[in-house]
Amino acid sequence: MSGRYEIRLGGSGGQGLILAGVILGEAAAIHDGKNAVQTQSYGPEARGGMSKSDVIVSNEEIDYPKAYRMDLLLALTQASFSGYVKDVKPGGLVVYDTSLVRDVCEGNYRLVGIPIVETATRAIGKSMVANVVSLGAIVELTGIVSKEAVEKSLMGRAPRGTEEINRRALHAGYDLVKNAEQKTTAGNR
Amino acid sequence: MSGRYEIRLGGSGGQGLILAGVILGEAAAIHDGKNAVQTQSYGPEARGGMSKSDVIVSNEEIDYPKAYRMDLLLALTQASFSGYVKDVKPGGLVVYDTSLVRDVCEGNYRLVGIPIVETATRAIGKSMVANVVSLGAIVELTGIVSKEAVEKSLMGRAPRGTEEINRRALHAGYDLVKNAEQKTTAGNR
Amino acid sequence: MKNRKHIVICEDAKTRITINRKWCKGCEICVEFCPQKTLLMEGDKAVVRDIASCNRCMLCELRCPDFAIEVSEGTGR
Amino acid sequence: MKNRKHIVICEDAKTRITINRKWCKGCEICVEFCPQKTLLMEGDKAVVRDIASCNRCMLCELRCPDFAIEVSEGTGR
Amino acid sequence: MTEQRETRRIRFIQGNEACAEGALYAGCRFFAGYPITPSSEIAEVLGEKLPRLGGRFIQMEDEIAAMAAVIGASLAGVKSLTATSGPGFSLKQENIGYACITEVPCVIVNVQRGGPSTGLPTGPAQADILQTRWGTHGDHPIIVVTPSTVAEMFTETVRAFNLSEKFRTPVVVLADEIVGHMREKLVVPATGEIEILGRAKPACDPSEYRPYDVSRGDVPPMANFGEGYRFHVTGLSHDATGFPTSDAATVHADQVRMTRKIYGRLEEIEKSEETETGDAEILLVAIGSTARSARSAVRLARERGLRAGLFRPITLWPFPDARVRDLAKKALAVVVPEMNLGQLALEVERVAHCDVPITGVHSAGGEAISPAQILAAVEKAVVR
Amino acid sequence: MTEQRETRRIRFIQGNEACAEGALYAGCRFFAGYPITPSSEIAEVLGEKLPRLGGRFIQMEDEIAAMAAVIGASLAGVKSLTATSGPGFSLKQENIGYACITEVPCVIVNVQRGGPSTGLPTGPAQADILQTRWGTHGDHPIIVVTPSTVAEMFTETVRAFNLSEKFRTPVVVLADEIVGHMREKLVVPATGEIEILGRAKPACDPSEYRPYDVSRGDVPPMANFGEGYRFHVTGLSHDATGFPTSDAATVHADQVRMTRKIYGRLEEIEKSEETETGDAEILLVAIGSTARSARSAVRLARERGLRAGLFRPITLWPFPDARVRDLAKKALAVVVPEMNLGQLALEVERVAHCDVPITGVHSAGGEAISPAQILAAVEKAVVR
Amino acid sequence: MGFDYMKYLREEKMPHIWCPGCGHGIVMKALIRAIDKAGLDQDRVVVVSGIGCVSRMPGYLDFNTLHTTHGRALAFATGVKMADPTLHVIAVMGDGDAVAIGGNHFIHTCRRNIGITTVVANNSIYGMTGGQRSPTTPLGDNTSTTVYGNADPPFDISALAVAAGASYVARTTTYHAQQIERLIVSGFENRGFSLIEVIGPCFVAHGRRNRARYKSNLDMYREEKETAINVTATKGKPQSELMGKVTIGVLHHAPMPEFTDEYQKVIEKATHVRTI
Amino acid sequence: MGFDYMKYLREEKMPHIWCPGCGHGIVMKALIRAIDKAGLDQDRVVVVSGIGCVSRMPGYLDFNTLHTTHGRALAFATGVKMADPTLHVIAVMGDGDAVAIGGNHFIHTCRRNIGITTVVANNSIYGMTGGQRSPTTPLGDNTSTTVYGNADPPFDISALAVAAGASYVARTTTYHAQQIERLIVSGFENRGFSLIEVIGPCFVAHGRRNRARYKSNLDMYREEKETAINVTATKGKPQSELMGKVTIGVLHHAPMPEFTDEYQKVIEKATHVRTI
């Protein structure tokens, strides 16, 4: 990969997407030696309601630090799917949680629906790790950062005692994608 | 008279020279229909120590509002005599109290020494009215404002009940000058 | 409150409890401090468990920070 | 205080009162509150009226706002 | 006596007193302040005179509170004033910005003394020129007027209130210690002689009232608290309803509108005085008491055969870009005397420096600039 | 961990955290503040890390107190920092002026949000550009630096401390919400990698110490409280002894000296970055996060064959007059994008407008300016 | 039964921004009921606030509402009241607003006894900015600026008001929802400055950081219930028994002349006595 | 006998600017004696003030001296003390400085119990600016801003300090010159924030405008003498007998941990406990 790759992690406050974005950015910037910028939403938008964490990864210097034509959108709520999908760039990727996002509209992007929260709850036993499951899925899907990098970054950020559960969640994310059905649509938006 | 005429009333705080300046300025500006500007010293200089009240009278508009080459200096303390006399313009007039100003240096100005405070105390019975005695002396000496004007102005500013004493003080000032010996020196500064 | 889909009314002869599910933020205060255990949480919304048990003490309404629960006399419908 | 012209010393065997006439602002506090009436005003400066009456209570010195009066033991000169 | 009268009255008073009288004439009925040299006389006069007219005076705990109280009173429908000097003016900045964004009319007097910080409390200065424009954070248009005589302390205070009400904006009367403290003749106009403006009130039904409704012009009509229009006022960015919004397009457009409401009607705001500018080769630009020295200097220069002229902005902000540029174009040199180290000069430079060299005459030690100093600069400018 | 280390460390952190790390690296051991979005993280990080290094953190009752405490601590010899945003920055103005006139080193961070007043607490802005220069009353030179990356939040904070100590002056780090909140890679230099400056201390005997002795240069050596030099500090205008004076000549001369101490050594203070300015026909001037968009725009323009170039002042004040004028002279048009309604543009206009037309790209609604918006302006500038 | 809040709410602005379980909503409801009970004319009520979570309250209330700068609510309110003393002026502030940055206006407004009914929603934290220590945060608590435990001792807001000269001072908690209403109503009845301090929870920015005490917002309400003791019940109790307790009820009521009333006398004097 | 003030005075700056009979000089002398008695190291004393007549005091004192902005002395002093807790930090303020514009810093510094010995020279007026009403001006008094008599009720500074949390609060008058010294010395001994309020006269800007009570500054000192009552003598006296009296002496002393000491514990915790 070269050039700018924009990722938006969209959901609601408390889903841990900010942290996921930070882990992703850190994986790219520190462990993979790329450039990365992470930003997030603040203010009323962030309180309770929609929350977003944007990560831009590039081999070159990143000037404009805001995501504006996303290569990948992760949506963990219906609101974030509906609200952000229009900013996905043609041919981009939209990953969403199949239980939380029901109203999926198609467009000039690849849709990947996976049971993220369900996996977190069922396989790991903690819905809280949905963010890490998502991370795994994204990394598996895009290869935007190396698996070693994301694992190092995750281990550096995980509170003591939660390392194992987080590692499992990450791997569950990899696996989810490997097994997932991928719907691709080539709309003509 | 036409053109700018600068008067400085110099003394110490509490001698009422600010008020005297105001009365003079008001006489000129309101009752004689001339232009006048009055300014005074503020701050540490004004507290306890030297006090000055400057009045500029002119038939024309007065631009620069500060006195800088005085036509007349009234000095009611030694400090004000010594401090300000150098700013008197060549040929100007210096009026001083003979009991308070002992160290009189001559220069290119007319010196008029008169017993102002003594007159106030002896003739009027109140040293407090030295300021009004001074006013009378200045008006008599210079005619810079009309006697009607200064009297109107004085009556307008005198606290109720003190009108008579103030009028007497003013007239004592007129008389002082009429009787005074006038020393004139034409130094070559 | 206009009667919309998110307004849930539970009523018996004596009591009428109205819950605005859009405004309810699921804080559980009404449930926790109801002396009669009339209410319970269903997911993140308060619901009436047993309308008959309500003594109309109003505490739930007084304490709901979100103007989401209202207690009044039953209309007898 | 260096001994200059404006420093006035009044002294007897027991008491020495020093007044700095340059710093004295004539507020009369020392005079008014001296329990012995030892001091008085002369024009606008404090002066010693009767050094012998002083009991060295120090009140004048303590209260003089201007550091202008100092009481100490007489040097016996 | 300060009641409005049928006939003119002539008085010989300080600039600060004239300012207070001007406020009363303009209909000001509330003053909140905190004493500070050299502005305190404004408070003292109003403390005495406001209650005589049924108005109210309050000495607040600090300048921040004074500014707040003035805005509060204005929202309740009373024309309001505060007065201060540099240190207090710095403290008021946050709430001045509040008055800007909420568009609440009020007048703030700053009688300048030497700064920064406590500086020279009784020395004159003109070093808050750029602070009056940029002192608070965020973009905010503001109107600033600069009297240079006692009479103008009166008339410009009246005009400040009128502009404030007309444009729903805080207006600063930027005076200096000399103008504030000197005494001159003031002819207090009779009632009605100067037109007094009030704020435009809403004509609509309260239920339809939108406090920032600019459909009929950039200055929205303003209801008072307590009149039945129950509206919301906030220092957050808001939309026409007065409620907060963070919609970028709305907020940007409103910021542009607030600038336009002032900059779009310059002809109603600008005011200046020119002395011998007709054929001026040396243009002087000066304000406040320094402009008086400059006018003397113009006369002295003319006596010496030098074609000097003075442009005196009376409305300082918005700055009279166009006129200064025009005059500068015709001149060979511009001289800017000011009691600071060069602030007005920067603005003159911005609008005019491509046309002409600019030199400053400075005094930052608490002393007036004399006509002679200015004359010297004029003579030097000619030589170059 | 924030202790200085033998080796570099790489971190992925927010600009505000980088600022806090920079302060620690520069030797800052005292922070006083009052929370405000979007600067609070600086306080929060330092609240945790300062005591680990034996430093002290205090949350004061308001921003005024925070500024005061910082000055007090610096006088006692400890490098000190405060951080805030617009509303708090407005409140600090009076005491910033105090630090200027008393020449007390300290660093103030302003992470800009939308204004005026409460405005847009979480929206980015660059509308305090002129306030940082002119916010307090009275003449006062000040140094302002403007980081545009997380790495610069670190390095410019270090530089701010160095400049502050070297010139005995408050220095402002003027950031914006975007730079403050975004995360990027920061390579924390090893100990010694960046030179850390301290204040020049007096060499004389305490009895001879004069706190504003400028006989050896415009920046007087500075003793700390408690070291045996018993000196006086006042916000009144003072002479070399530090005691108040109202002698006009002395005060004027000292004001001139204080300006000269900064403006006379520009080469040690100025810092900027240029992108493709060598042959630029369209000159962009931008700071902070907007400069990043501008750099993108330069690239896009070059792709389209337009000779655009970017000048980014890193030291914003003193403004780099000379360089901007030079670049503007060579250009056909200047475009100034900024998150406000035009402030930087005024300064560019002052130094350059005779040479070239200047247009602004504005965003005052709390939204970043995109490269595309700037590109559009560049394209338009070319057409004209 | 069933109070109709909608008459006084700007319904279109609801639901409010406060977090689930935040006590500010309880305070707002009590204020509405109190205004209703006191029969204040809706058009003549002015509600003033500063900046903070609770200071967003005026936006939801259908009165004349004024959301000012952080800490300055009482200074703005003073201007409103001075301009028109017949208005009912109510100030709503958080603990940070009222006694951190706003402390000076707070004590001076108490001193002046101007007719402003003031409700301080004291949640012992800066909620709005994300949980920094406030001047009422208990010693030892964790906050985002006191990660080693708070070492900065707290104010007793009500005691401060009494010492500053307030003529009516009352305190309760958000658990005691009905008492809030009653105390505000009697605050309205006091001619002059009235303070009603309402202690409330902020789980999101305070409780969450102190999990040892609070698992959820409910624990915070429970604590309010358990620590509260009515002032009437404290009489005669030894200090030791009151440790850790929060006294609620009317703590102080000492009527004194109201400031705008006194100023009216100044006006009367001024319009009669004429000095030169 | 005969105390040698010159050791602590910047003699070349004398005589001071205060008016004849101003009480500020009495306070300065008492402070000097107290510092001497307490044996503080001259090089380690920092005297901080704000703006006002009494705030000029540091200029005359041969210590490390800091003359700050109006009202902010305690905030600057807090910074000095935090930077170096071993310094002896003394703050001197007027009533306007301390509790008008500076009121917020005043209450917070009390609350924090940081080791600053604070002397408030309370002359019930703004002396420096020419006699405007201060927050301690008695009701009814004439001042340049209350020409119809003051309608704005005064603070009791000491009571305010106690409520705000000060650990040592004492009061006396300039008439009681020796007591000032003693109270300051015990203030130094209290580890934490100590307030010594000294009531004093300003004839020039206050007394003169109230000729009915004061013919000269001496009347003001006499009044101090007559209205003062020692706190030990008030015990058991009914409130009515204390009306119009000024209680002097140590009004409150309740030792509590000093702030920089407590902060030292934070430092110790931080350097031991390491959180990620």
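Going in written order, the chains are labelled A, B, C, D, E, F, G and H, and every chain counts its residues from 1.
Assume contacts are C-beta pairs under 8 Å (C-beta built on N, C-alpha and C of every residue); 3 or more make two chains touch, one makes a residue touch a chain.
Worth saying up front: this structure is predicted, and the values here are computed from it rather than measured.
Peer 1: Going by the touch criterion stated earlier, list every chain that contacts chain C and also contacts chain H.
Peer 2: Intersection of chain C and chain H contact lists gives G.
Peer 1: For chain D and chain F, which third chains touch each of them?
Peer 2: Shared contacts of chain D and chain F: H.
Peer 1: Return the distance between the CA-based centres of chain B and chain H, expressed in whole Å.
Peer 2: From the centre of chain B to the centre of chain H is 44 Å.
Peer 1: Cα centroid separation between chain E and chain H, in whole Å?
Peer 2: Here chain E and chain H have centroids separated by 39 Å.
Peer 1: What whole-number Å value describes the gap between the mean CA coordinates of chain D and chain H?
Peer 2: Centre-to-centre distance between chain D and chain H: 28 Å.
Peer 1: Averaging only over C-alpha atoms, locate the centres of chain A and chain H and give their separation in whole Å.
Peer 2: A distance of 61 Å separates the two centres.
Peer 1: Considering chain H alone, which of its residues make contact with at least two other chains?
Peer 2: 19-20, 51, 69, 101, 103-104, 108, 135, 147-148, 152, 263, 266, 269-270, 275, in rising order.
Peer 1: Which positions in chain A touch two or more other chains at once?
Peer 2: Within chain A, residues 43-45 contact more than one other chain.
Peer 1: Do you know which chain D residues sit against two or more other chains?
Peer 2: Residues: none.
Peer 1: Please name which positions on chain H make contact with chain F in the complex.
Peer 2: 10, 13, 42-44, 46, 48, 51, 58-59, 62-69, 72, 75-84, 86-87, 104-105, 108, 260, 263, 266-267, 269-271, 274-275
Peer 1: For a test of understanding, state which residues of chain E touch chain B in their complex under the given definition.
Peer 2: Going through chain E, the ones touching chain B are 10-12, 37-38, 121-123, 177-178, 181-185, 289, 292-293, 295-296, 299, 368, 370-371.
Peer 1: In their complex, what parts of chain G are in touch with chain C?
Peer 2: My answer: residues 1-3, 5-6, 9, 14-16, 18-26, 29-30, 174-175, 177-178, 216-218, 221.
Peer 1: Which chain H residues qualify as touching chain G in the complex?
Peer 2: The contact residues of chain H facing chain G are 99, 101-104, 107-108, 111-113, 135, 147-149, 151-156, 159-160, 162-165, 256, 259, 262-263, 265-266, 269-270, 273, 275.
Peer 1: Please name which positions on chain E make contact with chain H in the complex.
Peer 2: Residues in contact with chain H: 34-37, 40, 43-44, 47-48, 51, 57-59, 61-63, 87, 117-118.
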